[in-house]
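The following pair of complexes shares a single chain, chain A, combined with chain B in the former and chain C in the latter.
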Partner chain A sequence: MLKRFFVAVWLWLKGAGIAVAKWFKNWFVKVDGKDIIPVRIGRWFKSLFVSTNNQPPQLVVLYQKDGTKSVLSSLLCVGAGIAIGLILLILVALFSKDLQANNVFRGFFILISGVFYTGNAANMSVGFDAFQLGNYLTRVTPLILTGLSVAIAFKTGLFNIGAPGQYLMGTMASLLVAMSIPATTATAQFFVWLLALVVGVVAGMLWGCIPGAFKALLNVNEVIVCIMTNWIAGNIVTWVFSGSQFVNPKSPGFLYKTNHFGIQNPRLGMDLLFPGSWADGGIVIAIVVAVMVWVMLNKTTFGFELKACGSNRHASKYAGMNDRRNIILSMAIAGGLSALGGALYFMNGQTEFQFSTTYQTLPSVGFNGIPVALLASSHPLGVVFSAAYIAFLEVAGTKVSSFADYNEYISDLIVAVIIYFAGFSKLIKDLLSTKRRKSKQVDAVQPTTQSKEA
Partner chain B sequence: MQSQQTNLCTNDYVIEMRNITKVFPGIVANDDVTLQLKRGEIHALLGENGAGKSTLMSVLFGLYQAEQGEILKDGKVVRINNPNDATALGIGMVHQHFKLVEVFSVLDNIILGVEDTKLGFIQKKQAYKKAQELSKRYGLNVDLDAIVENISVGMQQRTEILKMLFRDNEILIFDEPTAVLTPQEIDELMAVMRGLASEGKSILFISHKLNEIMAVADRVTVLRKGKCIGTVCTKDTTAQQLSDMMVGRAVQLKIDKAPAKTGQVVLDVQNLCVKGAGNKKLAVKDVCFNVRAGEIVCVAGIDGNGQTELGYAITGLTNASSGAIVLDGKDITHKSIRQRTLQGISHIPEDRHKHGLILDFSLQQNMVLQTYFQPQFQANGFIKFQQVQQYAERLIEQFDVRSGQGVDTTVRSMSGGNQQKAIVARELDRPHKLLVAIQPTRGLDVGAIENIHNEIVKKRDEGAAVLLISLELDEVMNLSDRIVVMYEGEIVGRLDPATTTVQELGLYMAGAKRDTNKEEC
Partner chain C sequence: MVTLIQSTLTYMIPLMIVALAGVFAERSGIINIALDGMMIIGAFVGALFVYILQDKQFGIHLIIANGQGQWVFLIVMLLAAIAGAVFSLLLSFSAIKLKADQTIGGTALNMLAPAISLFLINMIASRPYLAADLPPWLGEGPSPYQSGTTSWFIIQNEHLKGTVLEPFFSKMYISTYITIILFVVLSVVLYKTSFGLRLRACGEHPQAADSVGINVNRMRYVGTLISGALGGFGGFLYVVYSANGAAGGDVQGAGFLALAIMIFGNWKPKGIALGSLLFGLLKCISVLYNQLDINGDGVALLANIGLPSYFYNILPFLAVLIVLAFTGKKSRAPKAEGIPYDKGMR
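Up next, the complex of A and B:
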């Protein structure tokens, strides 16, 4: 038995070895009439820039693809936003007697180095800091999910501005479950965590259904209902937790951390990658969910229906799709995603939920889902990157105020301007798509003067 | 051809488009096309769908810029970068697909962009008077206070024409203006066009209806697959000759069909009442008729007499307020659209942009709009993309749907006629017992019409029941086995195309004659 196993391994190794050897041989000698690999690589590089076999240069082909344009326009937005940020840094310094040129320089340096900035006010340095990066990832997690929430609603032709409310309801429901069910063993704690997560998502789905149902059944604009449900959620959360046994007596206005009850997100190895930080499996879950949303939208009949309803509600009705059901479902999924973001962020174990202010201030992570989705052109996988970028800016903003002596409001302003620029990606994409006119008319007469003559 | 032309005319060209070439990804829409428009003439531009007529006009109107060639106005080279430049040059266009703000009133649409203001307030009174006057003078009969989304397609078209007249344009481009008009209205429009031409306005008339061109145009330029085939005077040519020039082969203008072999009743409509838009009054009043397997029943009538609502009620887009619709012995009055589709109704909708297609989807996605969930395209909720693609490729091949990038083309970028062909392909290929075709050949050229008519007759001969709702008398007379005429929501006549005449049909359609027998109730 053992011998057969070794033989199999040996044969496999031998096969692999021969394949590798053949591949190496390909680098130097022509095999089967094919050119050697360096020549082929050279040809591939050439085809990138020069027309070959009647095909235009591959770079041009790549550029003409719709996806490339989306990515490019998003990158241009990021670049433009950062440039505007620099201008703001300079402008603010010009009108402030406390800020000098070195503040501007340091401010800009911090703005682009963000989470990789490991220095302080005195000396500037960059590097990988496991603690910082880990905490950064916990901030990215809810942003990915609220971004997905807004993006999936966009695909169905809806504007989900209700992400903050759904986020709060998800947080509330999952924290209530996590804190009220006592669990002592690790297994029990895991199941309580799982239950809390599921209850949170369901709460968010139901909360998202409200604007969806109003839109589908009564044709009430979803934005109005979303804004109202946001404030209702904010008030409910403060009311539910005020005076409850979950309030941490040491810091009034905040709840206990969930690890006080032994409940926290599984670490999935992230604590080993980023030792000492808050990093947990939430980021993994968020990315997996993003992939699932992408698959759902692009590969399934359900996604086909959602996109059809979003593009042309009349035609999808004509085709026999249930447009009302799809609108409600789309909002329910959007709500569930936002709620998952809240649940994952506050069941991290280390994070504290401030319930006392939600009736006045809705969580910005909900609203930031909108620029995240816009910057990603509502592409579920793009959302992962744009969420990472927006969270990066938030971190950079706090550092600009603490290390470069900028007022914290001004750093917020700069971040806000950059986020604002994220919304321009569609415009820039359209500009990229516009064909340049190849005019060969040399002595053309302007039509305005022409009409006057006529 | 060129020399003949110069002999015929002086050099008083108001517009010359010389050697225009326009390329889209994957397709040369115009290939070295030259078009010369004389002052005060009606010049027709004839060509199949996708021949490049609309593209050429869009170049003239500044919507596209040509890669090569030049445009001359009154003998001087001009550059038209956008529609504003074209408007400044006095060029006006009625588009094939209307450019109207749906939630605005007709008057608001007419003055849009040329509003007279005083202290920042729009002065509508004078505009109203002028529009009213124009509307009356040309018999356009447009209700200036109506909201555009509530009025019929025909009236929207007339609003577009009025809009152009309101701007006092001197060069008028009509992009298939007659596609939605009734025969009487077409005659009136032709009179209007002749009147305009005699006043010195120059008209470019895009059409593929040969009899209209023969009736109204002075000269015709024929395009085929982006190339200019030639310019001829209508005096010196015949409809058959033009159609052969356009298609590049001999075309059969009249359809051959065997007598219908009717089977059992497939669709039975009993005392059907349907409410109109806004739920104000009944658009369809107490209508009874049936369609049997193997026959084509045509609902004729002037636009806006309840035919559209009747079609929508049968296909499920609107609810019947009373009465019953029975398909194959089963009452489907309250069934959903999906259930009706699965029970065997195919539907070619009137408005291809609103209902028929999702313009931002690719051609292949549109081809499976109603069937994406069926086992051949779906497994465990996942779409089988390869099967979808193969299916779409087969339909494109079979129905000759032309597009820039094959099955991956965004439908929005396709020409109107090819969009319609795509819908027809999808609906005819789907298994069905009843085909509801509402204006199935709207905006199509003779070649495509011939093709679609033959396909519909083929479906009939295979035993399908066909309900055709059409505004075009030729189509009604040519294709139907029985005619039902609707006037103001009621059935006023049941005619046999073999024994009736176009004139008689016209009288029924105009409400001048009516039979009130309800034999099929």
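Up next, the complex of A and C:
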């Protein structure tokens, strides 16, 4: 048995060794009828730009892919948003007495550099500030998750405007668990954290089920139920926490930070990467979840059913899929994702949860999930980037407000403009493809004219 | 009782007219999720004009002090409506001309409105809100304003106190009457005129409407414009009623509530009136439960039960959900809403 194992390993090693040796040899000599590698690389580069073997240039193939066009149109939207931001900066400077031309330049510079801007009133500079970047990552974490929440609902043909409520319910449930179970040892604290996270997600899933069930079983528009459940959640949260022992007496209206009870997200090395900041493993978890959602949507039967239900509910039902189950499950997953965002953000250990105002003002992170999902055209991996960009703009906005007459709402304006243009993404994509189609038609016409001449 | 009726009206009126705004857009085939944004723009423009007009050089404070403030109120209401209509063009342009996704466009407008308002408010007032209530007395000598006047928007009619007419004519806003008249007139327009029929046809089957010579896109522009005007108007009313005219780029999600009431009312004026009445009443109870004295024996019944205010806050939302659970099966959105009009489609 052992001998056979060693023989197998030896054979494998031999094979691998020969393959590596062949590869090195191939750099200089033809092997097995294949051209030497530099030639092949050259041919590959050529194929990027010139059509070979009746294949159009590979760059064109890439460009014609739907995904590429989506990315391009999103980038165009971002560009348009920034351009309008610049126009605004100039307009404000024109009408203001305190602002000069170089302020416009500086404001624009900050808008573009965002979290990397390390300058102050006297000088402008760009750099890697670990504290700033780490805190920025903690802001991105919940945004990715609420964005995913909205995106997965969009894929199922639902508009999940209930992310704020689900976010609040997740926060509430996980904070209740994290703060009420005493844990002293590091292991116990880790398990309490895990339990809190799971309870939070389950609470969010249940909360998300409500609009799903209303939509699937009672034929009630999910938007209206989401809005109602948002406000109910906001009130419940304030109700549950007001007067409880979790309220921090030093700052009324806020709860204790979770590290007061020894509970916080595992750092997963992020504290070493960004020393002194709040950065934690939440961002890693969020990105892993985004990948999982992508796999679920694109590589599993369930994901296919969700998308089928989103494309045409009746057709999917006709094809034998359970449309009601899919709607409810989709909303439940959406709720769980939002709740995970809330739980991760407020179990960071340094963040404080203000429970006293939720019954009047719903958390904006929940609503910001909508632009995040829209900018990414509901692609789970795109959501990671669009969340990062929207959080980036928020940071940039607060920095711009350090100048007189500029204020942080310029970033909100830019985000709004970007989303307005994102509505045209289909139009932009069409425009991008018509250009190609025209040139193709020209290609198709040319041979015939040549043959006529001949 | 008087307080109950009057505060129910103050909560009900803005929601009612904004929900009707939603009907005009959606019945013409445009999903108007941007009601909230239109309200915010209306609120901002209204508050802005009151803020500007109270500047000493316009002498408006003298007009208001003379008790003629209602004219100012009327003009500002009109301006707010115009602002809402202009703002709605952004939605109709993207939805009709560019055939963009209407939910996305609406969401963008919902974000754009508070951003624009707060951006400008911060620039104008150097603080995050514009207060438009009692203008400061800028003249010489003591202020001529009547003492005890909470807001110059309100018509006092002190002499009606104690009569049957009190709940409806004393301490009322002129806008309440205007809104009710507007609501009735527009409902009649929607259901009893050819214009209304054409508008509704565009939301149900635009191709059929086109085949009999109705310009679908123009109808949709008009529907959205009316919607924007009513939304802006309702938004200004909302801040006058709830915050005495102080606008801070926020209407506490009232536009979404109006949207909910529109769906609740099944896209019909009658349902909307009922829905907003129910919602307004419950909302009023949630605010006043502590001092509400229904049978007049001097005991606030609900305060003695000892439930926290949050319970009463939840009630209106819960009630809407429960009613919807029973009526949802019959709910029917306009068939062609959200679908850009394409002549070639069957």
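Definition applied: the second predicted complex is superposed on the first by the 369 of 454 C-alpha atoms of A that agree within 3 Å, B and C clash if a C-alpha of one lies under 4 Å from a C-alpha of the other, contacts with A are read in each partner's own complex, and residues count from 1 in each chain.
Just so we're on the same page, a contact is a pair of C-beta atoms (placed from the backbone, for glycine too) under 8 Å apart; a residue touches a chain by one contact, two chains touch by 3 or more.
Everything quoted here is computed from the prediction, not taken from an experiment.
In the superposed pair of complexes, A:I410 makes contact with chain C only, with no contact to chain B.
When the shared chain is aligned, chain C comes close enough to touch A:Y359, but chain B does not.
Counted by residues of chain A touched, the larger count belongs to C, out of chain B and chain C.
Shared-chain residue A:A130: touches no atom of chain B or chain C.
When both complexes are overlaid on chain A, the residue A:N322 reaches chain B alone and has no touch with chain C. Contacts of A:F302 after superposition on the shared chain: chain B is touched, whereas chain C is not. Of the two partner chains placed by the overlay, only chain B lies in contact with A:S311; chain C stays clear of it. Within the superposed three-chain model, A:L432 lies out of touch with both chain B and chain C [touch as defined at top].
The part of chain C that touches chain A in the complex is made up of residues 33, 90, 94, 98-101, 103-105, 107-109, 111-112, 114-116, 118-119, 122-123, 249, 252-253, 256-257, 259-260, 263-264, 308, 310-311, 313-314, 317-318, 320-321, 324-325, 328-329, 331, 333. Those residues of chain A lying in contact with chain B across their complex are 64, 299-302, 304, 307-308, 311-312, 314-322, 435, 437-441, 443-448, 450-451, 454. The touching residues of chain B, counted against chain A in their complex, run 25, 65, 67-68, 70, 73-74, 76-81, 85-86, 88-90, 315, 317, 336-342, 347, 349, 354-361, 365, 369-370, 372-373, 378, 381-383. Here chain A touches chain C in the complex through residues 88, 92, 96, 159, 161, 214, 218-221, 223-225, 227-232, 235-236, 238-239, 242, 359-362, 370-371, 374, 405, 407, 409-410, 412-413, 415-417, 419-420, 422-424, 426-427, going by the rule given at the top.
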